[in-house]
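Shared between the two complexes below is chain A, which pairs with chain B and chain C, respectively.
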Partner chain A sequence: MKVFIDPPNSMILFDLVERFGHEPLCAMIALREMVNNTEIDMPPMNISLDDVVKGLKYAGIEVPSGIRGRLAVWGPLIEEADAAIIMEDAPFAFGCVGCERSNQMVKYLIKKRGIPVVHVSYPENEEQGKLIVSKIKEFFEKLKEIS
Partner chain B sequence: MSEGMETRVIMISPSSHITPDQLTRMIHMSGKKVTVKETCYGCLVEGPSETVREIRDEIRNLDPNGIFSKVRAYPCGDQRRCRAKHGTRPGYAQLETEWKALSYIKIGLDASNRGEKPKEVTQKKQLSVTKFKKICEVG
Partner chain C sequence: MIRIAQLSCGTEYSGIQFEIEKAARSVGAKIVYPDVSAEDINEAVDRFGFDPKSPQLKLMIARAVQLADDRYDADAVFITTCFRCAEASLVRNELRRFIQENTRLPVVTYSFTERLKSSQLLTRMEALVTIVERKDLLSRTRQTGLTAGLDSGSSTTKAVIMKDNKILGKSWASTGDVVQSATTVLKEAMEQADVKPKDIEAIGTTGYGRFTLGKYFNAKLVQEELTVNSKGAAWLAGKQSGEATIIDIGGMDNKAITVRDGIPDNFTMGGVCAGASGRFLEMTAKRLRINIADLGSYAVKGNWINAKMNSYCSVFGIQDLVTTLGEGKPFEDVAAAACHSVAEQVYEQQLQEIDVRHPIIQVGGTSLNAGLVKAIGEILGEPPIVPPDSQYIGAVGGALLSSGFL
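Here is the complex of A and B:
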């Protein structure tokens, strides 16, 4: 099962999804293709005009370009996902979560797709760590029962 | 980096007894054709996807719930990211933040393996407007 993780470059979520035997959909895999694609050579990240246009599918022209750029990478992943895990209240430095508007758009797109979602909070103590692991484990067990 | 190649960040939880040196030595000793780079938080492994995943599973045996990994977009020593070539490292702030939280996840995974059920954590409630007004009035 393909699982979208938010924040999309979280190591904690990526690792947990893999541990429970599923395929995480993350920003790193999407960016790897751009970084390593030698057919087009537009350094540093091979961003072409097509990528900017892709973002328009997920956010209007009046939306700041940073949000459109993020959604151009994350949007196709959300479309591909069978389920999603969202981590709330992540600190500012936690991945590319510096933009709250992008986060809201991601949550909206996930809700619009209607895929199963689990919300967990960023771990700040041992009890929260236990809660995150058990919530994600239960989520995958329930998904297995449904499918 | 050609297709089918993968770069992986291997990170050790702060509560683990494993050191980055031990990890790197173990990967070198496995004799698999991969590139390994020792870092302060663990190591970077680059090679064919299947081999990298095999290595991930092997090194997890050292400390099953204390070693974490994720895929990395940039290859090892990439000039755009490598500090030796004055590349920027915007991901470091995130790695540091996540590294601190890994010990909580390790505890969570250990508890899950024991079949322990977690206690419900009470979430902090937002301050009501009336209470906030009272605080302002006192000030």
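Here is the complex of A and C:
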């Protein structure tokens, strides 16, 4: 199952999804493909004008280019996802896309897809951390039962 | 009275609420605001799925939900937010989709600045009212009797004579004096159709000069170009049922309209920049010293990539093209770059405000430019349909709809 993670660059969520035997859809993979694309050379992430224009699929011309550029990366992943994990209130060091408007839109696009989603809150201590892992595990087990 | 529900953020503090209400009043409509309670707001935002930080956007969402649930009575929807507010722009576009998915109400979206005047909204408001008030007339798919249509555009004036659902005569000329231009083209169309003025049973006028012409020719139909052009385009393309997108790149403004059974349900009008209109192609042809009619045939043979422009601007963009020619690049590539530039801007600035439906029908005078049609097709990934007489959409729509008064 393809699972979109939010924040899309969270290494911990990425690892959790993989450990539970699923395929994480995350920023690292999308950006790796872009960086490894030898056709163009636009460091640091090879995001080109064309990519930002592609972001128009998700947001109009009036929306700043940084948001459209981000959505051009995350949007196709959300479209591809079978399920999603959203970590609420995570500090930026946990993973972030650097833009609150993009965060709002990512959450909206996930909701609009209507795929199964588990919302978890950033843990303040070890006990809460364990609860989050259990909740995600339970989410995947339920999905397995449904499918 | 037609009730237009306003879903907005920032209109009061921008000092333009009065202008919106004035525009609505001038077309016999009234702006209304769906009632919501404080409790409705959080629930609506939660259901909608986008949680904006700005409370007034939350209110917009709650109002849209009231309309979607049929808990508030309105005939049309006007969604408007401040120009260049990213959060509002995201909400505005998604709310438009939400309304279209959940209601059959016609919708128009608009981003405003503090300089908005009611006249800028007039055509949009008039179109909303027409769609609601003249639903039966707009459902008309066949022209009957002997009628004429006059389209007084910013660049050209067109006339068409129709009889029993067929075009008998047509003519166009550059717009000078509104009445004089229309009189000339009408006379030529009548001569071609071999009819006398007394034989014409009804006239329909549209375009910028519609009111002047309507009065002068005692027209039975005087109607804005968004609905009239849609009807004309659907009739000419033989797509009167089902969905379609109509793209009309005009001399002064562009229209992108989605239709269901030939009746618009969402549209955008752009008119801020000459670089995104047919005027740009005219200026390019003039600057390159080629005939505007030849620009398209040059463009289809060229490759726009070889003459990439650094600006969309009608001054600096054209200067780039001239510089490219100076570098020895062929006319064909330069013409293709000019067409691509207009097509790209229409795509980026207007087609994002509607959800493109298929087929795509390209009309208006610029649809005769094969290079522009090719560029639109390349950008949208689907070649548009260009119906015969595609420049006469407004006149055909006028003749078709005015026959409804016989």
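Assume the second predicted complex is superposed on the first by the 140 of 147 C-alpha atoms of A that agree within 3 Å, B and C clash if a C-alpha of one lies under 4 Å from a C-alpha of the other, contacts with A are read in each partner's own complex, and residues count from 1 in each chain.
Here is the rule we go by: a contact is a pair of C-beta atoms (placed from the backbone, for glycine too) under 8 Å apart; a residue touches a chain by one contact, two chains touch by 3 or more.
If you're wondering where the values come from, they're calculated on a predicted model, not measured in any experiment.
Chemist: Put chain B and chain C onto chain A via the superposition and say whether they clash or fit.
Modeler: When both complexes are placed onto chain A, chain B and chain C end up side by side without any clash.
Chemist: Which partner does A:P91 contact after superposing on A: first (chain B), second (chain C), both, neither?
Modeler: first
Chemist: Using the touch definition from the top, say if A:V35 reaches chain B (first), chain C (second), both or neither.
Modeler: The answer is first: A:V35 touches chain B but not chain C.
Chemist: Quick one: classify A:K111 as touching chain B (first), chain C (second), both or neither.
Modeler: After superposition on chain A, A:K111 lies in contact with chain C alone.
Chemist: Just chain B (first), just chain C (second), both, or neither: which does A:K144 touch?
Modeler: neither
Chemist: For the overlaid structures, how many degrees, to the nearest 10, lie between chain B and chain C at the C-alpha centre of chain A?
Modeler: Vertex chain A, arms to chain B and chain C: 160 degrees.
Chemist: I want to verify the contact counts: of chain B and chain C, which reaches more residues of chain A?
Modeler: Tallying touched residues of chain A, the top partner is B.
Chemist: Could you look at A:F14 and tell me whether it touches chain B, chain C, both or neither (first, second, both, neither)?
Modeler: Once the two structures are laid over each other on A, A:F14 reaches chain B alone.
Chemist: In the overlaid three-chain picture, find the nearest pair of C-alpha atoms across chain B and chain C and give that distance in Å.
Modeler: 13
Chemist: Chain A touches which residues of chain B in the complex?
Modeler: 1, 7, 9, 11, 68-75, 78, 80, 91, 93-98, 101-109, 111-112, 116-121, 123
Chemist: Under the touch definition given earlier, write down the residues of chain C that touch chain A in their complex.
Modeler: Going through chain C, the ones touching chain A are 49-53, 83-87, 89-90, 92-94, 111, 347-349, 352-353.
Chemist: Could you please specify the touching residues of chain A with respect to chain B in the complex?
Modeler: Residues 9-12, 14-16, 18-19, 26-29, 31-32, 34-36, 43-44, 91, 93-95, 121-134, 137 of chain A touch chain B in their complex.
Chemist: Quick check: in the complex, which residue numbers of chain A touch chain C?
Modeler: 53, 56, 59-64, 67, 100-101, 104-105, 107-108, 111-112
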